[in-house]
Amino acid sequence: MRQLHFASDNNAGVAPPVLDAVVAEAARTDAAYGWDSTSQRMEEALADVFERPVEVFCVPTGTAANALCLAATNPVWGGVVCHERAHIVVDECAAPTALGGGLTLLPVPAEHGRLEAGAVAAFLDARHDTGVHSVPATSISITQATEAGTRYAPDDIAALADLAHGRGMALHMDGARFANAVAAAGSTPAELSWRSGVDIMSLGATKGGALAAEAIVAFDESRREPLERLRKRSGHLLSKQRFAAAQFNAWFESGRWLGLADHANQQAQRLAEGLTAIGVPLAHPVEANIVFADLEPAAIDNARAAGAQFYMDDPVANPDGTRRIRLVTSWSTEPDDVDALLAALSAMM
Amino acid sequence: MRQLHFASDNNAGVAPPVLDAVVAEAARTDAAYGWDSTSQRMEEALADVFERPVEVFCVPTGTAANALCLAATNPVWGGVVCHERAHIVVDECAAPTALGGGLTLLPVPAEHGRLEAGAVAAFLDARHDTGVHSVPATSISITQATEAGTRYAPDDIAALADLAHGRGMALHMDGARFANAVAAAGSTPAELSWRSGVDIMSLGATKGGALAAEAIVAFDESRREPLERLRKRSGHLLSKQRFAAAQFNAWFESGRWLGLADHANQQAQRLAEGLTAIGVPLAHPVEANIVFADLEPAAIDNARAAGAQFYMDDPVANPDGTRRIRLVTSWSTEPDDVDALLAALSAMM
Amino acid sequence: MRQLHFASDNNAGVAPPVLDAVVAEAARTDAAYGWDSTSQRMEEALADVFERPVEVFCVPTGTAANALCLAATNPVWGGVVCHERAHIVVDECAAPTALGGGLTLLPVPAEHGRLEAGAVAAFLDARHDTGVHSVPATSISITQATEAGTRYAPDDIAALADLAHGRGMALHMDGARFANAVAAAGSTPAELSWRSGVDIMSLGATKGGALAAEAIVAFDESRREPLERLRKRSGHLLSKQRFAAAQFNAWFESGRWLGLADHANQQAQRLAEGLTAIGVPLAHPVEANIVFADLEPAAIDNARAAGAQFYMDDPVANPDGTRRIRLVTSWSTEPDDVDALLAALSAMM
Amino acid sequence: MRQLHFASDNNAGVAPPVLDAVVAEAARTDAAYGWDSTSQRMEEALADVFERPVEVFCVPTGTAANALCLAATNPVWGGVVCHERAHIVVDECAAPTALGGGLTLLPVPAEHGRLEAGAVAAFLDARHDTGVHSVPATSISITQATEAGTRYAPDDIAALADLAHGRGMALHMDGARFANAVAAAGSTPAELSWRSGVDIMSLGATKGGALAAEAIVAFDESRREPLERLRKRSGHLLSKQRFAAAQFNAWFESGRWLGLADHANQQAQRLAEGLTAIGVPLAHPVEANIVFADLEPAAIDNARAAGAQFYMDDPVANPDGTRRIRLVTSWSTEPDDVDALLAALSAMM
């Protein structure tokens, strides 16, 4: 039976041009641990993408990128304000705490996966500061695109950055799906990051068409030594780093990363429109490549019987008996896959 | 100028059959985080290699493999007896300590990079056990092939395992170059590991022809949950793990891993014989793919001028004014490279 | 001006018989680090109090006791379910995370500071278990008497213990004010701990009349080595431990600890009754030695002007404009202090 | 049988004036966690002792003081150069590593327990700096008086400080027996610390006559917040800190601390002279309150039979069959005790 892959953009293969770059790199011999020419070109590529010099550190996973970003920007006694459903809270088994020397995550609820500066300020004000006894909030972490499939506009980010910096805190962005956000936003990478006040970010290519290529991007060169050391001692410095760099270089080349992301975003739009057309309510605005839908259990069973793969968003049912499911599209999702999924669902409605 | 690569087997590219497997995997869509069919086949491949079921955990780096092996086999207050020049001591920026919750490395000197059971027993007996005040030695870690390019015979390992187990300690093996040891030894992987008492090991394919494929191999299923959790929370669970698994599968197929390692070993032999022929003293027996030679500074300069790349083994000169250099061969080292290096050196002698 | 001390039972001095024991101990010479006769007698005293052998470990602070209890009963990747206002959440600057190798606190709201088994079960069921990606709940921690000044009955504890053990979790009790709970409960120390399923507890004498005497009490001898090691390497093994032991011995002697706690509890009752009489609403049932009252800002100012010392329970006002304050009585609180505080408050009403 | 206590200065009781201060403090009610008047006076007392403002943090143990000093002055990836027999290496179960987030101790051998700047420079130069792969040496830690019972002169310290600062490293001093060093040296506390370049130190009163009073003394106010936070989250902020402060205040009053230390030092001199008179070789110069002697096993047995308590310095015998023992005197050692010990030993010679 044909499988309809909507479980995760991590399930996709590798985009052909990215794969070609790996193949080309494989025929070369060059220095290990980032002292190679391909890694050098990656730094230039990122400087080009962000319109300024940046500190870049390849790491093998998005969890490593997030955890090391936070380890480098918070004291071990610090606290990271983040969405209660952020990846760092629910999907990393406390990696930021583990690699950050025991830092604390401070989850806050917010609609559609998106923190809002006013609400975060209220959260901070309502915390009981008992001096040395309580964990101080030392940074804010946001995800772009969010885990709910929504986006932050540059102004949203700037408001959070102003709040953070005004209280001596840093602003981190988990950009595992930054490409999807940029492709959909009509804003530049710079506008969606440092120009809006982001201090450090994780930038992922793996979900967007690479094999395994994630990066820490820091907009402050004082973070270089901590990041180099923390990456090494947590086992995240790749010996043959040039293969990760090669993936990034091919991904960024001629805006390819945005083309791949745009394809994924469009499939999510196609899916969202189709669901709406058959009367399935969407849980969040669809602003990137993830769709959340509330479905009858029978419809879920039918879709699975038709080969559809996806995750439940919650372990418990909604009050009305429906279940919320998460559908993720990728650079490799075919319109036919979307249509086949919609057909399986509408057969039940 | 042609480069003569003897700095590290990490500088080589990817062996074609391993690369082919990556390319084939790239065209597929499958589950993330190891729930895919390729990862399943990897477990079978390793069970075949080791002639028994094993617990296998892919990780992206050898440092991660070592650190997580030690984290899973030592309490946070434990101590790891190891060679004073072991990779975990000198080349991992204390990653075992960092990921092991603060465990302590207990380095001991030993000739030719090889711990010997009697000497380790004497080391342990001479430590002042002040009860709860002193760090207890809770495991022994050895490297196979060693950082000095030598090997442990099965009996050497068994003696260390008996010592360790008799004192309630575990035995870890850093097998970043296990392939080279097996290829050279005329012993089976099983004989060089669990049959001789190894409890857990790091097994690396990256130096041996892969792109980035390292594994933790545990011979005790009780370590499954700690390893799964520790790997995830340190950021070492790859989302597209199937690409690492694909590399391992191609590498192990039909004994390919041993063929690649044997090639590297033979180039080291060629190099060692050539050095001896021109009167250059070797610092250690050449039993795998690394050669240590004591050279006049002028010879070193000449080799570098001829395009040779290699590392100094020590920051200071030998008492006789020579410098010790480390020369590493790989699956991709050409006999011509070896001969060119020898020619550059003998021109000076 | 006379000070009216209601800020904390930590502000009191030392109960005379406990002080006498310190003075007597000071004249002796004996072994350090717990190998002395006074520490031996402490173990016997605790076995007597709990009607069974226990593993006892003196530590200098309650934060150390809590953090080490949790470090010894949770894997580093584990999660501790606790009240959102628990001392370990709001007043220890993440010490359990720091000393527990990165474990995670999982705060849940509950009325009157008291977790309830059914609600905890619902909390656990509603967490999204994403396998290795999410932090597993590995223990429950409760406080007795609670931070809200309430108590758990033996049946409440047993229900939580059954829940915990049924899911492979441990049950920890923060007994910084265990004496107050026992004195008020009409239950034995055993009934309020191991007989109801508590696995490990912190037991504090400092608030109850000692100078600095806290203990970890474990009801499972397998925890001895982890606790000894974790205590030492976190710097919590006192060299002259016998002085802490001497305090415990005098405190437990002839039920003195319960007499001191009963006095504190009675002053809290006197205060609660007085507040009620003058129309001040109490926020929680007064079941130990802490009273929470909602007061007009002017009344608070007046009390402070009269020399009263106490903390605000929240940084923000109640919706009706009142502020919630916390009033703590101790073994040294005089009925006159209570009456003076009430007089200052009623003058305003 | 009368006991002759030479095992440790930790076995002594409490000097009467220090005890009196505790008794006086016990009758008072005052703020917790260091916000009390006694703690305020302690800061003044220390400023007086050191002839300048200092940052002072009471902690309950010397291990905590050392570990937190090092945690506050080294990055988690740093390394601490120290004597191979330093207390932090052999007697703290890796507490500096545990509380320092995984930092590494770098032990070096040196005669008589005393590091020497030239030898430390040579050690540093001989380490193989492999960049991010190796642990950088980020501080030097010395003990004053040393674990061998010797002392550093101000010039010795200044040479080490110059070396450290010249390489961007910090200098820590473990002053568990700083009083003994000052009393014996004819130098001021300032000369033996910050005036010679010490950046941060542990200062212990417990061995010198207190019950439990240790402090971190930092000579740089930028370390205040890290130390406050690290102390709290490791459980080392005492709730009734004023009792530790009271001990310090009485100890420092009118030079009492030096008088107590001088007594201990004199008993060590009496012991050393007596041993020399009966032909027992001393292992180290006796410059404080510790004596190391090489004795025949029969003499050791005889001394123990006479009630003498002391520790062996090594688990193995000297080459000549003698055993090295450690004899520690304290403020409470009586000349009669010394003479009785000498009598027991000379009876055997």
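Note that the chains take the letters A, B, C and D in the order they are written out, and that residue 1 is the start of every chain.
Criterion: a contact is a pair of C-beta atoms (placed from the backbone, for glycine too) under 8 Å apart; a residue touches a chain by one contact, two chains touch by 3 or more.
What you see is a predicted model, and the numbers here were worked out from it, not measured in a lab.
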### Query
In terms of C-beta pairs in contact, which of A-B and B-D ranks higher?
A-B
### Query
Counting only C-alpha atoms to place each centre, which chain is farthest from chain A?
D
### Task
Can you check how far apart chain A and chain B are, centre to centre, with Cα atoms defining each centre and the answer in Å?
34
### Summary
Chain-centre distance (mean CA atoms) for chain B and chain C, in whole Å, is 51
### Query
Where the CA atoms of chain B average out and where those of chain D average out, how many Å apart are those spots?
42
### Task
List, in ascending order, every residue of chain B touching at least 2 other chains.
33, 76-77, 92-94, 97-98, 101-102, 132-133, 229, 232-233, 237
### Task
Would you tell me which residues of chain A are touching chain C in their complex?
76-77, 79, 90-94, 97-98, 102-105, 125-130, 132-135, 313-316
### Task
Could you pull out which chain B residues touch chain A in their complex?
3, 5, 7-8, 10-14, 16, 19, 22-23, 25-33, 59-65, 67-68, 92-95, 97-99, 206-207, 211-212, 229, 232-240, 243, 332
### Message
Looking at the complex, which residues from chain D come into contact with chain A?
### Response
33, 75-77, 101-102, 132-133, 226, 228-233, 237
